[in-house]
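Both of the next two complexes hold chain A, though its partner changes from chain B to chain C.
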Partner chain A sequence: MDTLSTLISAILVAGLYATMSYGLALIYGVLKIVNLANAGFLMIGAYATWWMWTAFGFNPLLAPLVIVPVFFLIGIAMERTMIQRVVDQEPIISLLLLFGVWLVLQNVAYLLFTGDTRSITIPLTDAVYQRGDIVIPWARVYVFAVGTLALVAMQLFLTRTQLGRAIRSIAQDRDAARLVGIDVKRVNAIAFGLGIALLGLGGSLLSLLYSFDPDFGRTLTLKSFCIVVLGGLESFVGVAFGSIALALAEAFGLRYMPASLQNLISFVLLVVVLIAFPKGIAGLLRRRSGV
Partner chain B sequence: MSRVQVAGPLIAAAALLCAVAVPFAFPHAEYVLDVLFLIFLYGAMSAAWNIIGGFAGQISFGHAAFLGVGAYATMILWGEGWSPWATLPVAGGLAAIFSILVGVPSFRLRGPYFSIATIGIGEATRLVALNWSKLTGGASGLTMAAGPPPQIQYLSALAVCVAAFGISWWIVQSRFGFALAAIKQDTDAAQTLGVDTTLFKTLALALSAALVGIAGSIYAMHYLYVSPDSVFGFSTAIALVIMPIIGGVGTVWGPLIGAVVYTFIREQFAVKLANADLLAFGLLLVAIVLFEPKGIVGAWGSVMARRAFRKRAAGVAARG
Partner chain C sequence: MTRRLVTLAIAFSCVLLFASYGVKAAPAPNAPAEIVIGAALPLTGAESRVGTYFKAAYELAAKEVNDSGGIFLKDFGKKIPVRLIIYDDKTEATTSRDLYERLAVQDHVDAFLGGYSTDLIMANTVVAQQRQIPYVNGGGAATQIYGRGFTTIFGLLASIQSLALTECDFIEKAQAEGKLPRPLTMAVVYENTAHGKDFNDGLNQCATNKPQNFKVVMSEAFDLHGKDFSPLLAKVKATNADAFMSDAHLDDYITMQRQYKQAGLHNKFITYGARGPEKSAREALGDGVDYIVAASWWSSKLPGQPVKDFVAKWAAAYPNLSPEWFSALPYETAVVLFDGITAAGSVDKNRVTEALRKTDLRGTLMPTGVVKFQSNGQVDLPFVVTQNLPAGSVVVVWPEAEATGKAVLPVP
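Right, the complex of A and B next:
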């Protein structure tokens, strides 16, 4: 594989990483909680796509049109019933709560769908673009395009609308936002809903690329943590930067190590970054440069 | 000394005596022995997790790594011709050393960041065990033909369990325990007051890891099989977190109650419906966090407090 080919595939992967990590960053930015149930929602997004496809013949490429609004509502309901109660407590409480939610999601999926590995195969998932040495699966291009589109729409929403600005103002300074009359509770719920909706989208897109089982998403979530920490929490540019950095590290790291160790790269990077820049993260938190 | 203060140790001593007598009184009750063995083994791990997660407030999702290091140490050395009992201190020692190696850098992180790093440590350790086939046997793991008799296993699990709870009991009334409590409440304030927070956190982690490593060693002798998925697996990591939280995180006896509940739910549900046990644990965890963060011990405490209040209120009412 030559450098150009590696570069292209790394950038395509980075788009996917950014899509699935932005939900984590948004939820952390606004609610200051770490969504440990991240993996569970990715997994449910993948299964929802698969289920609609096998049960009703619903086109998996269009599944996000259903999944995104449904996940948004699920997120809002979850925030109203559970997250709201722990949002102002010490961070460990919300971490454990969401860990429990993840366990519930994962094992409900085991009961509903069994532990068998599922995958989605449609003409697009097999098609590749080939020119010389460069081979690009079309599914990856599609996933990259949809993910990027969603992130751009999200960014426009956050910067151009009243509600989006309210969300960003809470991410910057919750008390000040409250003082200028922003309904923090309502915005919290919406931000959590958006975060979950992005995870649903991410899971749906992932199902086109990878096979999955109820344990799906654990490795990916660690990657998201790595990305969000690399790029600085709650910053849009940061998530994009972190995604590209991780995708490049993985793509080029593969040249020097066996593929079975590829997932190790993100963990090592995560631990190294967490250890090397704890002040850096704290500094970013203090600056809170906006979403 | 009040009646309760005398009764407590007496009850504990009586319970211990009964526990020691079980394998001699009922040498053929294999199922009961097996369940009790698991309760003691898991109770020991649960209490060990509670030292760092409960007393010091540093939630670790990576404790399976220490269990795995202990279990693998025993299996590897046993395979080399060591007596399994001789590997016990090695298993504990290696787990402690490993915990210090990963703990010193990770403790620069606070709260949720530390917890996330521990997930990474757990996963990374599992991947290394999976790929370092020469030492670990890779995905197929390591097996041994025959282990110590069940009665001996039972007694050794009981011994580790007693040690873990003895240490917990000592910690809560020692200067060490006060330091950990200070770290849990406010790390910065503790540091300002002269508590060497990193040192104490690392000590607590090493102590916790050593106990879990020894438990891992006994685990290996019992199952005669270790693989990356069994000891480093996610369900092991979950078990270690969930037991103390169900029972009462940061309390002395909560982890034992948690281990009993855990073993019971696992024995009851897992046989009937795979994964129903983990679903039950997830629901329990959510319910506990939302309604009773101090677990069963906390719930019991508030029930007793309410009853005492009602009694007093009734007394006042009677006197008019």
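Right, the complex of A and C next:
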């Protein structure tokens, strides 16, 4: 297998990994809760795209324009009705609550869509750019591009806007943020809404690459945990680095080992990172630069 | 005279007495109110689509038998209705095993109908064997299921090794016609289950026995119900094999074939083992499933009146469910179990098991029409090879005697 081809493939996969992990990182960073319903929202994002496409002929490439605001509102409603009540309690409470939400979402999907494997097939999903041994699926390029756009937009939002700075300040020190007058409850709701919107975006983009059923997202969420730990639990740029690290490890690792061990790579990496540098790549970089 | 009359009267009374005593000594056994048959099926989870078909097929067979009054039990001289108990195992092996335990202990079933997919059947058949309850299935083909010396397990799916060997026979014919190269280099990928290993073993057997016809250039397992097969497919691409030989369940087939197309792969021959012609795959991938060759246990395209009758009654009962092998096989599975109970004339579990062992059912839906079990409890029936063609058509291409069309090879 050509090294260049593997490298290109890994970078495109990294874009996909980053897109599906932003939501997890944002919610953990601000609310300090682990969103175990991550897979459920990815799955619903994929189904929403498929449903708009099959029922109304809505172009799946444009589906994020609808999904992101709708999921944002769903996230806010969920934070106001559920998350707010458990955010300051023992971590196990929010873990169980969100695990329950995932199961509910999964079963609702079974009821609405049955267990059939669904798939979105449009000209872009099967189109490839081929030159010699290098094959680049255009759908992966699209997902990479949108994922990168989302990263840049989120980074600009977090660094250049008042609300973004409020979110970052809560992520750094919740009590200090409260002391300087930041409305923590409001910011929590917005951050959770954004996290769910990012998951909806991730699910929508994943539906262009994968077939899905109500169990969709389970394995991908485990990868997201690995990426978020790799990247540092509260950093968007760290998530991008974590995604690249995992994608490269998988792509080059699988040249020498069976493909069925793909998931093993992420878990070995997770264990190594947790032991060697628990603050992730971002923490490591900060330590190196003495910040 | 009077004395003679008295003697006759006493003798007659004695006959009556003995006659009545005889009736009391061997009373007619109480007939059961119903014959209880249980199954756990994957009605939710990864295999829920197939599980739903199995449930529908079992219910159709039970309805038919109940509409005719039930199963005739010779011991009681009358027909007894069937009651089906079906639970959802959520496509989980441990849940499946627990539910079969519950069917045995709490529901006191007389017999089991099988679940679906190899790993679940491997788990739940242990209950049938431990409790000596007859178990007939149409959802498990791996030789491992039948290679454990279990005595109460019967299966209507021929082995996956036979499936692979059938595909080799078909390929040899295509090679003889100059449609495929000789030897055919094969990239083999298979699900990491007993089912997949049988497929891999079968193809390796072809390559070992006929090196002039077959050469395996890659052989690698993948996880069942996977979501991302792109690294595996990248390896397949690197081999430049003539044939892509995959063994996958329905959901993996749809996911993998989609990524196969996205990876820009193209092989002269492509198969997913038993999967290929399913309507849901066509719905999900459109013309992305064209030219896929499948070796299946059954096809609605098979000639013969029993198949035509079944297709008609299935369509009448379930207009929204297409007639697939996973509708015909479970239906026939239930028919075989009912036949076994009828032959036993009783719901005694040992007698039903013995009757099933001697099954010799003719005029069935299966290829050749005959159902007979080997000593390990599995049938040995030929496979039907089909190929998907453009515009949604499916043709039977093997065995030649039952072919309804010509195979298009190499894949254009």
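Criterion: the second predicted complex is superposed on the first by the 273 of 291 C-alpha atoms of A that agree within 3 Å, B and C clash if a C-alpha of one lies under 4 Å from a C-alpha of the other, contacts with A are read in each partner's own complex, and residues count from 1 in each chain.
Here, contacts are C-beta pairs under 8 Å (C-beta built on N, C-alpha and C of every residue); 3 or more make two chains touch, one makes a residue touch a chain.
Please read these numbers as outputs of a predicted model, since none were measured by experiment.
Enquirer: Have a look at chain B and chain C on chain A after the superposition and call it: clash or fit.
Expert: clash
Enquirer: Quick one: classify A:73 as touching chain B (first), chain C (second), both or neither.
Expert: neither
Enquirer: Is A:116 touching the first partner chain B, the second partner chain C, both, or neither of them?
Expert: After superposition on chain A, A:116 lies in contact with chain C alone.
Enquirer: Applying the touch criterion given at the start, work out whether A:95 contacts chain B, chain C, both or neither, answering first, second, both or neither.
Expert: First partner only, chain B.
Enquirer: So, A:128: does it touch chain B (first), chain C (second), both, or neither?
Expert: In the superposition, A:128 touches chain C alone.
Enquirer: Classify the contacts of A:258 with the two partner chains as first (chain B alone), second (chain C alone), both, or neither.
Expert: Both: A:258 reaches chain B and chain C.
Enquirer: For A:82, is the partner it touches chain B (first), chain C (second), both, or none of the two (neither)?
Expert: first
Enquirer: Could you look at A:267 and tell me whether it touches chain B, chain C, both or neither (first, second, both, neither)?
Expert: After superposing on A, A:267 lies in contact with chain B but is clear of chain C.
Enquirer: Kindly classify A:34 by the partners it touches after superposition: chain B alone (first), chain C alone (second), both, or neither?
Expert: After superposing on A, A:34 lies in contact with chain B but is clear of chain C.
Enquirer: With both complexes overlaid on chain A, does A:219 touch chain B (first), chain C (second), both or neither?
Expert: both
Enquirer: With the two complexes overlaid, spot the stretch of chain C among 55-63, 127-135 or 379-387 whose C-alpha atoms clash with chain B.
Expert: None of the options clash except 127-135.
Enquirer: What part of chain A is shared between its chain B contacts and its chain C contacts?
Expert: 107, 110, 115, 215, 219, 258, 260, 263
Enquirer: Show which residues of chain C lie in contact with chain A when the two form their complex.
Expert: Going through chain C, the ones touching chain A are 44-49, 51-52, 192, 220-223, 225-232, 234-235, 237-238, 250-251, 254-255, 258-259, 261-264, 280, 284-286, 288.
Enquirer: Can you list the residues on chain A that touch chain B in the complex?
Expert: It comes out as residues 34, 82, 85-86, 90-93, 95-97, 99-108, 110-111, 115, 215, 218-219, 222, 225-226, 229, 258, 260-261, 263-264, 267-268, 270-271, 274-275, 278, 281.
Enquirer: Please give the residue numbers of chain B that touch chain A in the complex, ascending.
Expert: Those residues of chain B that touch chain A are 57, 59, 61, 105-106, 108-113, 115-117, 119-121, 123-124, 127-128, 130-131, 234, 238, 241, 245, 273-276, 278-279, 281-286, 289-290, 293.
Enquirer: Contact residues on chain A for chain C in the complex?
Expert: Checking each residue of chain A against chain C gives 1, 5-6, 9, 13, 107, 110, 114-119, 121, 125-126, 128, 130, 135, 137, 139-140, 209-211, 213-216, 219-220, 250-251, 254, 258-260, 262-263.
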